[in-house]
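Have a look at the structure below before the remarks.
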(Lines give C-alpha, C1' and ligand atoms only; values in the text may rest on other atoms or scores of the structure.)
Protein backbone atom coordinates (compact mmCIF):
# COMPACT_ATOMS: atom_id res chain seq x y z
CA UNK A 1 0.00 0.00 0.00
CA UNK A 2 0.99 3.63 -0.14
CA UNK A 3 0.51 6.49 2.28
CA UNK A 4 -0.84 9.75 0.91
CA UNK A 5 -2.61 13.01 1.69
CA UNK A 6 -5.92 13.95 0.10
CA UNK A 7 -5.42 17.17 -1.83
CA UNK A 8 -8.67 17.44 -3.77
CA UNK A 9 -11.74 15.83 -5.25
CA UNK A 10 -12.61 14.97 -8.83
CA UNK A 11 -16.04 15.24 -10.41
CA UNK A 12 -17.06 13.24 -13.46
CA UNK A 13 -20.67 13.48 -14.60
CA UNK A 14 -20.20 11.30 -17.67
CA UNK A 15 -18.75 8.03 -16.43
CA UNK A 16 -19.10 4.27 -16.37
CA UNK A 17 -22.40 3.08 -14.84
CA UNK A 18 -20.52 1.08 -12.19
CA UNK A 19 -18.82 4.25 -10.93
CA UNK A 20 -22.03 6.18 -10.17
CA UNK A 21 -21.98 7.17 -6.50
CA UNK A 22 -18.22 6.74 -6.10
CA UNK A 23 -16.37 9.60 -4.39
CA UNK A 24 -13.09 10.32 -6.24
CA UNK A 25 -10.23 11.86 -4.31
CA UNK A 26 -6.90 13.17 -5.61
CA UNK A 27 -4.18 11.83 -3.34
CA UNK A 28 -0.55 12.99 -3.20
CA UNK A 29 1.68 10.08 -2.23
CA UNK A 30 3.93 10.41 0.83
CA UNK A 31 7.22 8.50 1.12
CA UNK A 32 9.34 8.59 4.25
CA UNK A 33 6.97 11.29 5.61
CA UNK A 34 7.76 13.58 2.66
CA UNK A 35 5.16 14.51 0.01
CA UNK A 36 6.20 13.28 -3.45
CA UNK A 37 5.37 14.41 -7.00
CA UNK A 38 3.21 11.30 -7.49
CA UNK A 39 -0.59 11.72 -7.54
CA UNK A 40 -3.33 9.07 -7.71
CA UNK A 41 -7.10 9.36 -8.14
CA UNK A 42 -8.68 6.94 -5.65
CA UNK A 43 -12.21 5.97 -4.63
CA UNK A 44 -12.89 6.65 -0.95
CA UNK A 45 -14.26 3.73 1.08
CA UNK A 46 -13.81 5.06 4.63
CA UNK A 47 -15.26 8.58 4.69
CA UNK A 48 -11.95 10.42 4.40
CA UNK A 49 -11.73 14.16 3.67
CA UNK A 50 -9.35 16.71 2.18
CA UNK A 51 -6.16 17.12 4.24
CA UNK A 52 -6.35 13.68 5.83
CA UNK A 53 -3.46 11.21 5.60
CA UNK A 54 -4.73 7.94 4.21
CA UNK A 55 -3.73 4.41 3.25
CA UNK A 56 -4.18 3.51 -0.43
CA UNK A 57 -4.52 0.06 -1.98
CA UNK A 58 -3.90 -0.24 -5.70
CA UNK A 59 -4.41 -2.70 -8.54
CA UNK A 60 -6.88 -5.59 -8.46
CA UNK A 61 -6.67 -5.58 -4.66
CA UNK A 62 -8.34 -2.16 -4.66
CA UNK A 63 -11.52 -3.73 -6.02
CA UNK A 64 -11.67 -6.01 -2.99
CA UNK A 65 -12.37 -2.90 -0.87
CA UNK A 66 -15.60 -2.20 -2.77
CA UNK A 67 -18.94 -4.00 -2.58
CA UNK A 68 -18.76 -4.55 -6.34
CA UNK A 69 -15.59 -6.62 -6.89
CA UNK A 70 -15.97 -5.99 -10.63
CA UNK A 71 -15.96 -2.18 -10.48
CA UNK A 72 -13.46 -0.63 -12.95
CA UNK A 73 -11.41 0.87 -10.11
CA UNK A 74 -7.65 0.47 -9.52
CA UNK A 75 -7.09 2.60 -6.39
CA UNK A 76 -9.12 2.81 -3.17
CA UNK A 77 -8.61 4.64 0.14
CA UNK A 78 -8.83 1.79 2.67
CA UNK A 79 -7.84 3.54 5.90
CA UNK A 80 -7.22 6.88 7.60
CA UNK A 81 -3.78 7.07 9.23
CA UNK A 82 -3.91 8.06 12.93
CA UNK B 1 -6.84 5.86 -11.37
CA UNK B 2 -5.02 8.58 -13.27
CA UNK B 3 -6.19 11.83 -14.79
CA UNK B 4 -5.12 12.59 -18.36
CA UNK B 5 -5.85 14.55 -21.50
CA UNK B 6 -6.59 12.86 -24.82
CA UNK B 7 -3.94 13.96 -27.32
CA UNK B 8 -4.59 11.63 -30.24
CA UNK B 9 -6.01 8.42 -31.59
CA UNK B 10 -4.30 5.23 -32.69
CA UNK B 11 -5.33 3.05 -35.61
CA UNK B 12 -4.42 -0.63 -35.85
CA UNK B 13 -5.87 -2.62 -38.74
CA UNK B 14 -4.05 -5.84 -37.89
CA UNK B 15 -4.97 -6.64 -34.31
CA UNK B 16 -6.36 -9.24 -31.93
CA UNK B 17 -9.91 -10.34 -32.83
CA UNK B 18 -11.17 -9.23 -29.38
CA UNK B 19 -10.01 -5.65 -30.05
CA UNK B 20 -12.04 -5.16 -33.26
CA UNK B 21 -14.31 -2.15 -32.75
CA UNK B 22 -12.29 -0.69 -29.87
CA UNK B 23 -11.44 3.01 -30.08
CA UNK B 24 -7.82 3.60 -29.00
CA UNK B 25 -6.87 6.98 -27.58
CA UNK B 26 -3.42 8.31 -26.71
CA UNK B 27 -3.67 9.95 -23.29
CA UNK B 28 -1.10 12.22 -21.66
CA UNK B 29 -1.19 11.78 -17.90
CA UNK B 30 -1.81 14.83 -15.69
CA UNK B 31 -0.45 15.03 -12.13
CA UNK B 32 -1.26 17.92 -9.83
CA UNK B 33 -2.94 19.64 -12.81
CA UNK B 34 0.32 19.59 -14.80
CA UNK B 35 0.80 17.51 -17.95
CA UNK B 36 3.54 14.89 -17.50
CA UNK B 37 5.83 13.06 -19.92
CA UNK B 38 3.86 9.84 -19.36
CA UNK B 39 1.56 8.59 -22.17
CA UNK B 40 -0.87 5.65 -22.19
CA UNK B 41 -2.90 4.09 -25.01
CA UNK B 42 -6.39 3.46 -23.61
CA UNK B 43 -9.66 2.09 -24.94
CA UNK B 44 -12.49 4.62 -24.71
CA UNK B 45 -15.68 3.44 -22.96
CA UNK B 46 -17.49 6.76 -22.49
CA UNK B 47 -17.43 8.56 -25.85
CA UNK B 48 -14.54 10.90 -25.03
CA UNK B 49 -12.78 13.00 -27.68
CA UNK B 50 -9.44 14.69 -28.32
CA UNK B 51 -8.72 17.52 -25.88
CA UNK B 52 -10.99 16.18 -23.13
CA UNK B 53 -9.68 15.52 -19.61
CA UNK B 54 -10.49 11.97 -18.63
CA UNK B 55 -10.22 9.40 -15.84
CA UNK B 56 -8.19 6.27 -16.66
CA UNK B 57 -8.33 2.87 -15.00
CA UNK B 58 -5.41 0.53 -15.55
CA UNK B 59 -4.47 -3.11 -15.07
CA UNK B 60 -6.97 -5.93 -14.69
CA UNK B 61 -9.52 -3.42 -13.38
CA UNK B 62 -9.58 -1.81 -16.82
CA UNK B 63 -11.12 -4.97 -18.25
CA UNK B 64 -14.04 -4.59 -15.84
CA UNK B 65 -15.05 -1.46 -17.77
CA UNK B 66 -15.60 -3.46 -20.97
CA UNK B 67 -18.42 -5.84 -21.86
CA UNK B 68 -15.82 -8.54 -22.52
CA UNK B 69 -14.00 -9.02 -19.20
CA UNK B 70 -11.43 -11.14 -21.05
CA UNK B 71 -10.39 -8.51 -23.61
CA UNK B 72 -6.59 -8.08 -23.80
CA UNK B 73 -6.81 -4.48 -22.61
CA UNK B 74 -4.92 -2.89 -19.69
CA UNK B 75 -6.13 0.74 -19.80
CA UNK B 76 -9.65 2.14 -20.28
CA UNK B 77 -11.10 5.66 -20.17
CA UNK B 78 -13.87 5.29 -17.56
CA UNK B 79 -15.01 8.91 -17.14
CA UNK B 80 -14.80 12.45 -18.48
CA UNK B 81 -13.67 14.96 -15.85
CA UNK B 82 -16.07 17.94 -15.48
CA UNK C 1 9.56 -9.66 -5.03
CA UNK C 2 11.54 -6.87 -3.43
CA UNK C 3 13.94 -6.78 -0.51
CA UNK C 4 13.45 -4.07 2.09
CA UNK C 5 14.10 -2.97 5.65
CA UNK C 6 11.29 -2.25 8.09
CA UNK C 7 11.60 1.37 9.19
CA UNK C 8 8.34 1.90 11.06
CA UNK C 9 4.77 0.93 11.72
CA UNK C 10 1.51 2.57 10.67
CA UNK C 11 -1.63 2.81 12.76
CA UNK C 12 -5.07 3.28 11.25
CA UNK C 13 -8.05 3.15 13.59
CA UNK C 14 -10.61 3.96 10.91
CA UNK C 15 -10.15 1.35 8.20
CA UNK C 16 -11.82 -1.28 6.06
CA UNK C 17 -13.41 -4.08 8.12
CA UNK C 18 -11.24 -6.68 6.34
CA UNK C 19 -8.07 -4.94 7.55
CA UNK C 20 -8.88 -5.13 11.28
CA UNK C 21 -6.05 -7.00 13.02
CA UNK C 22 -3.54 -6.42 10.22
CA UNK C 23 -0.09 -5.16 11.27
CA UNK C 24 1.09 -2.43 8.85
CA UNK C 25 4.80 -1.88 8.41
CA UNK C 26 6.60 0.87 6.51
CA UNK C 27 9.32 -0.77 4.43
CA UNK C 28 12.20 0.97 2.67
CA UNK C 29 13.14 -0.95 -0.46
CA UNK C 30 16.72 -2.17 -0.88
CA UNK C 31 18.29 -2.65 -4.33
CA UNK C 32 21.75 -4.12 -4.78
CA UNK C 33 22.15 -3.97 -0.97
CA UNK C 34 21.62 -0.19 -0.97
CA UNK C 35 18.58 1.48 0.62
CA UNK C 36 16.49 3.34 -1.98
CA UNK C 37 14.08 6.28 -1.79
CA UNK C 38 11.15 3.92 -2.40
CA UNK C 39 8.83 3.11 0.53
CA UNK C 40 5.91 0.65 0.71
CA UNK C 41 3.30 0.02 3.43
CA UNK C 42 2.98 -3.75 3.77
CA UNK C 43 0.99 -6.15 5.95
CA UNK C 44 3.24 -8.43 8.01
CA UNK C 45 2.55 -12.17 7.74
CA UNK C 46 5.68 -13.61 9.38
CA UNK C 47 6.17 -11.74 12.69
CA UNK C 48 8.82 -9.33 11.42
CA UNK C 49 9.97 -6.28 13.42
CA UNK C 50 11.52 -2.86 12.90
CA UNK C 51 15.08 -3.06 11.57
CA UNK C 52 14.67 -6.50 9.99
CA UNK C 53 15.41 -7.12 6.31
CA UNK C 54 12.39 -8.70 4.68
CA UNK C 55 11.03 -10.09 1.43
CA UNK C 56 7.96 -8.29 0.02
CA UNK C 57 5.38 -9.61 -2.41
CA UNK C 58 3.21 -7.07 -4.21
CA UNK C 59 0.06 -6.90 -6.30
CA UNK C 60 -2.61 -9.60 -6.37
CA UNK C 61 0.03 -12.15 -5.33
CA UNK C 62 0.29 -10.38 -1.97
CA UNK C 63 -3.28 -11.43 -1.17
CA UNK C 64 -2.26 -15.08 -1.56
CA UNK C 65 -0.12 -14.67 1.56
CA UNK C 66 -3.16 -13.87 3.71
CA UNK C 67 -5.89 -16.18 4.97
CA UNK C 68 -8.46 -13.92 3.31
CA UNK C 69 -7.59 -13.96 -0.41
CA UNK C 70 -10.04 -11.09 -0.91
CA UNK C 71 -8.44 -8.65 1.57
CA UNK C 72 -7.85 -5.19 0.03
CA UNK C 73 -4.08 -5.54 0.42
CA UNK C 74 -1.43 -5.08 -2.29
CA UNK C 75 1.82 -5.66 -0.36
CA UNK C 76 2.71 -8.33 2.20
CA UNK C 77 5.92 -9.24 4.05
CA UNK C 78 6.33 -12.94 3.16
CA UNK C 79 9.77 -13.71 4.61
CA UNK C 80 12.61 -12.47 6.81
CA UNK C 81 15.96 -12.45 5.03
CA UNK C 82 18.70 -14.37 6.90
CA UNK D 1 -1.50 -0.18 -23.42
CA UNK D 2 1.81 1.12 -24.68
CA UNK D 3 3.10 1.85 -28.16
CA UNK D 4 6.53 0.51 -29.10
CA UNK D 5 8.85 -0.48 -31.89
CA UNK D 6 10.22 -4.01 -32.25
CA UNK D 7 14.01 -3.83 -32.04
CA UNK D 8 14.95 -7.48 -31.78
CA UNK D 9 14.04 -11.03 -30.90
CA UNK D 10 14.97 -13.19 -27.92
CA UNK D 11 15.73 -16.90 -28.02
CA UNK D 12 15.38 -19.14 -24.97
CA UNK D 13 15.89 -22.87 -25.47
CA UNK D 14 15.51 -23.75 -21.79
CA UNK D 15 12.16 -22.35 -20.73
CA UNK D 16 8.81 -23.12 -19.12
CA UNK D 17 6.83 -25.80 -20.97
CA UNK D 18 3.92 -23.35 -21.49
CA UNK D 19 6.21 -20.97 -23.39
CA UNK D 20 7.30 -23.47 -26.06
CA UNK D 21 6.38 -22.05 -29.47
CA UNK D 22 6.08 -18.45 -28.24
CA UNK D 23 7.87 -15.79 -30.30
CA UNK D 24 9.62 -13.29 -27.99
CA UNK D 25 10.24 -9.78 -29.25
CA UNK D 26 12.24 -6.98 -27.63
CA UNK D 27 10.15 -3.81 -27.85
CA UNK D 28 11.35 -0.26 -27.20
CA UNK D 29 8.50 1.82 -25.81
CA UNK D 30 7.46 5.00 -27.62
CA UNK D 31 5.88 7.94 -25.78
CA UNK D 32 4.59 11.00 -27.59
CA UNK D 33 6.13 9.58 -30.80
CA UNK D 34 9.60 9.55 -29.23
CA UNK D 35 11.52 6.34 -28.45
CA UNK D 36 12.18 5.98 -24.72
CA UNK D 37 14.82 4.12 -22.70
CA UNK D 38 12.21 1.57 -21.62
CA UNK D 39 12.34 -1.95 -23.13
CA UNK D 40 9.92 -4.87 -22.71
CA UNK D 41 10.13 -8.50 -23.85
CA UNK D 42 6.70 -9.39 -25.28
CA UNK D 43 5.12 -12.43 -26.90
CA UNK D 44 3.89 -11.72 -30.42
CA UNK D 45 0.26 -12.64 -31.17
CA UNK D 46 -0.27 -10.84 -34.49
CA UNK D 47 2.67 -11.76 -36.74
CA UNK D 48 4.65 -8.55 -36.18
CA UNK D 49 8.29 -8.17 -37.29
CA UNK D 50 11.38 -6.15 -36.44
CA UNK D 51 10.96 -2.44 -37.16
CA UNK D 52 7.18 -2.45 -36.89
CA UNK D 53 5.34 -0.14 -34.50
CA UNK D 54 3.07 -2.19 -32.27
CA UNK D 55 0.52 -2.01 -29.47
CA UNK D 56 1.48 -3.79 -26.24
CA UNK D 57 -0.80 -5.06 -23.48
CA UNK D 58 0.78 -5.80 -20.12
CA UNK D 59 -0.02 -7.55 -16.85
CA UNK D 60 -2.75 -10.16 -16.44
CA UNK D 61 -4.57 -8.65 -19.43
CA UNK D 62 -1.70 -9.81 -21.65
CA UNK D 63 -2.63 -13.42 -20.94
CA UNK D 64 -6.10 -12.77 -22.37
CA UNK D 65 -4.45 -12.33 -25.79
CA UNK D 66 -3.15 -15.92 -25.76
CA UNK D 67 -5.04 -19.18 -26.25
CA UNK D 68 -3.70 -20.36 -22.90
CA UNK D 69 -5.01 -17.84 -20.33
CA UNK D 70 -2.69 -19.42 -17.76
CA UNK D 71 0.56 -18.90 -19.68
CA UNK D 72 3.28 -17.24 -17.53
CA UNK D 73 3.36 -14.18 -19.79
CA UNK D 74 2.99 -10.53 -18.72
CA UNK D 75 3.37 -8.67 -22.05
CA UNK D 76 1.86 -9.42 -25.48
CA UNK D 77 1.90 -7.59 -28.81
CA UNK D 78 -1.83 -7.26 -29.58
CA UNK D 79 -1.80 -5.03 -32.67
CA UNK D 80 0.33 -3.46 -35.39
CA UNK D 81 -0.05 0.32 -35.56
CA UNK D 82 -0.98 1.61 -39.06
CA UNK E 1 8.64 -9.77 -19.50
CA UNK E 2 12.06 -8.42 -18.62
CA UNK E 3 15.56 -9.65 -19.35
CA UNK E 4 18.03 -9.78 -16.45
CA UNK E 5 21.20 -11.31 -15.11
CA UNK E 6 21.27 -13.35 -11.91
CA UNK E 7 23.61 -11.61 -9.47
CA UNK E 8 22.95 -13.51 -6.25
CA UNK E 9 20.70 -15.67 -4.15
CA UNK E 10 18.57 -14.84 -1.13
CA UNK E 11 18.00 -17.06 1.88
CA UNK E 12 14.97 -16.74 4.14
CA UNK E 13 14.54 -19.32 6.89
CA UNK E 14 11.44 -17.70 8.38
CA UNK E 15 8.95 -17.42 5.55
CA UNK E 16 5.44 -18.20 4.37
CA UNK E 17 4.66 -21.94 4.33
CA UNK E 18 3.87 -21.78 0.59
CA UNK E 19 7.39 -20.52 -0.15
CA UNK E 20 9.23 -23.45 1.46
CA UNK E 21 11.47 -25.05 -1.18
CA UNK E 22 11.48 -21.98 -3.46
CA UNK E 23 14.89 -20.85 -4.75
CA UNK E 24 15.12 -17.03 -4.58
CA UNK E 25 17.45 -15.27 -7.00
CA UNK E 26 18.43 -11.59 -7.10
CA UNK E 27 18.18 -10.45 -10.71
CA UNK E 28 19.57 -7.21 -12.17
CA UNK E 29 17.36 -6.05 -15.04
CA UNK E 30 18.91 -5.51 -18.48
CA UNK E 31 17.46 -3.00 -20.95
CA UNK E 32 18.81 -2.63 -24.46
CA UNK E 33 21.65 -5.01 -23.48
CA UNK E 34 22.78 -2.68 -20.68
CA UNK E 35 22.52 -3.56 -16.99
CA UNK E 36 20.19 -1.17 -15.12
CA UNK E 37 19.93 -0.07 -11.49
CA UNK E 38 16.72 -2.10 -11.12
CA UNK E 39 16.82 -5.34 -9.09
CA UNK E 40 14.10 -7.96 -8.55
CA UNK E 41 13.96 -11.01 -6.27
CA UNK E 42 12.49 -13.85 -8.35
CA UNK E 43 11.71 -17.52 -7.81
CA UNK E 44 13.61 -19.79 -10.21
CA UNK E 45 11.54 -22.29 -12.19
CA UNK E 46 14.06 -23.42 -14.81
CA UNK E 47 17.27 -24.33 -12.94
CA UNK E 48 19.11 -21.06 -13.66
CA UNK E 49 22.34 -20.09 -11.88
CA UNK E 50 24.33 -17.00 -10.97
CA UNK E 51 25.69 -15.15 -14.01
CA UNK E 52 23.04 -16.48 -16.41
CA UNK E 53 20.86 -14.13 -18.46
CA UNK E 54 17.22 -14.95 -17.86
CA UNK E 55 13.67 -14.04 -18.80
CA UNK E 56 11.48 -12.79 -15.94
CA UNK E 57 7.69 -12.77 -15.71
CA UNK E 58 6.11 -10.49 -13.12
CA UNK E 59 2.78 -9.90 -11.43
CA UNK E 60 -0.06 -12.43 -11.30
CA UNK E 61 1.33 -14.05 -14.46
CA UNK E 62 4.40 -15.10 -12.47
CA UNK E 63 2.22 -17.41 -10.38
CA UNK E 64 1.19 -19.26 -13.54
CA UNK E 65 4.78 -20.49 -13.83
CA UNK E 66 4.54 -22.34 -10.50
CA UNK E 67 2.69 -25.55 -9.65
CA UNK E 68 0.85 -23.67 -6.92
CA UNK E 69 -1.05 -20.90 -8.71
CA UNK E 70 -1.83 -19.39 -5.31
CA UNK E 71 1.77 -18.99 -4.12
CA UNK E 72 2.50 -15.46 -2.81
CA UNK E 73 5.05 -14.84 -5.55
CA UNK E 74 5.15 -11.88 -7.98
CA UNK E 75 8.29 -12.62 -10.04
CA UNK E 76 9.51 -15.89 -11.57
CA UNK E 77 12.43 -16.80 -13.86
CA UNK E 78 10.65 -18.51 -16.77
CA UNK E 79 13.52 -19.00 -19.24
CA UNK E 80 17.28 -18.85 -19.75
CA UNK E 81 18.29 -16.60 -22.66
CA UNK E 82 20.52 -18.35 -25.23
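All chains are identified by letter, namely A, B, C, D and E, in their written order; residue positions are counted from 1 within each chain.
Everything below uses one rule, namely that a contact is a pair of C-beta atoms (placed from the backbone, for glycine too) under 8 Å apart; a residue touches a chain by one contact, two chains touch by 3 or more.
None of these values were measured; they are calculated from a predicted model.
**Student:** Could you name all chains that are in contact with chain B and with chain C at the same time?
**Tutor:** Touches both chain B and chain C: A.
**Student:** Expressed in steps between touching chains, what is the minimal separation of chain D and chain E?
**Tutor:** Minimum step count, chain D to chain E: 1.
**Student:** When chain B touches chain D, do the two copies use mostly the same residue numbers, with over half shared, or different ones?
**Tutor:** Here the answer is different, because the shared fraction of interface numbers falls below one half.
**Student:** Averaging only over C-alpha atoms, locate the centres of chain A and chain D and give their separation in whole Å.
**Tutor:** 31
**Student:** When the C-alpha atoms of chain C and chain E are each averaged to a single point, how far apart are the two points in Å?
**Tutor:** For chain C versus chain E, the centre distance works out to 19 Å.
**Student:** Counting only residues that touch at least two other chains, what does the list for chain C look like?
**Tutor:** 59-60, 62 - these are the residues of chain C that touch more than one other chain.
**Student:** How would you write out the ring, from chain A onward through chain B?
**Tutor:** In ring order from chain A, with chain B immediately after, the list is A, B, D, E, C.
**Student:** Which residues of chain E touch chain D in their complex?
**Tutor:** 1-3, 31-32, 45-47, 55, 57-62, 64-65, 69, 76, 78-82
**Student:** Would you pull the chain C residues touching chain A in the complex into a rising list?
**Tutor:** That would be residues 7, 10-16, 18-19, 24, 26, 28, 37-42, 59-60, 62-63, 70-75 of chain C.
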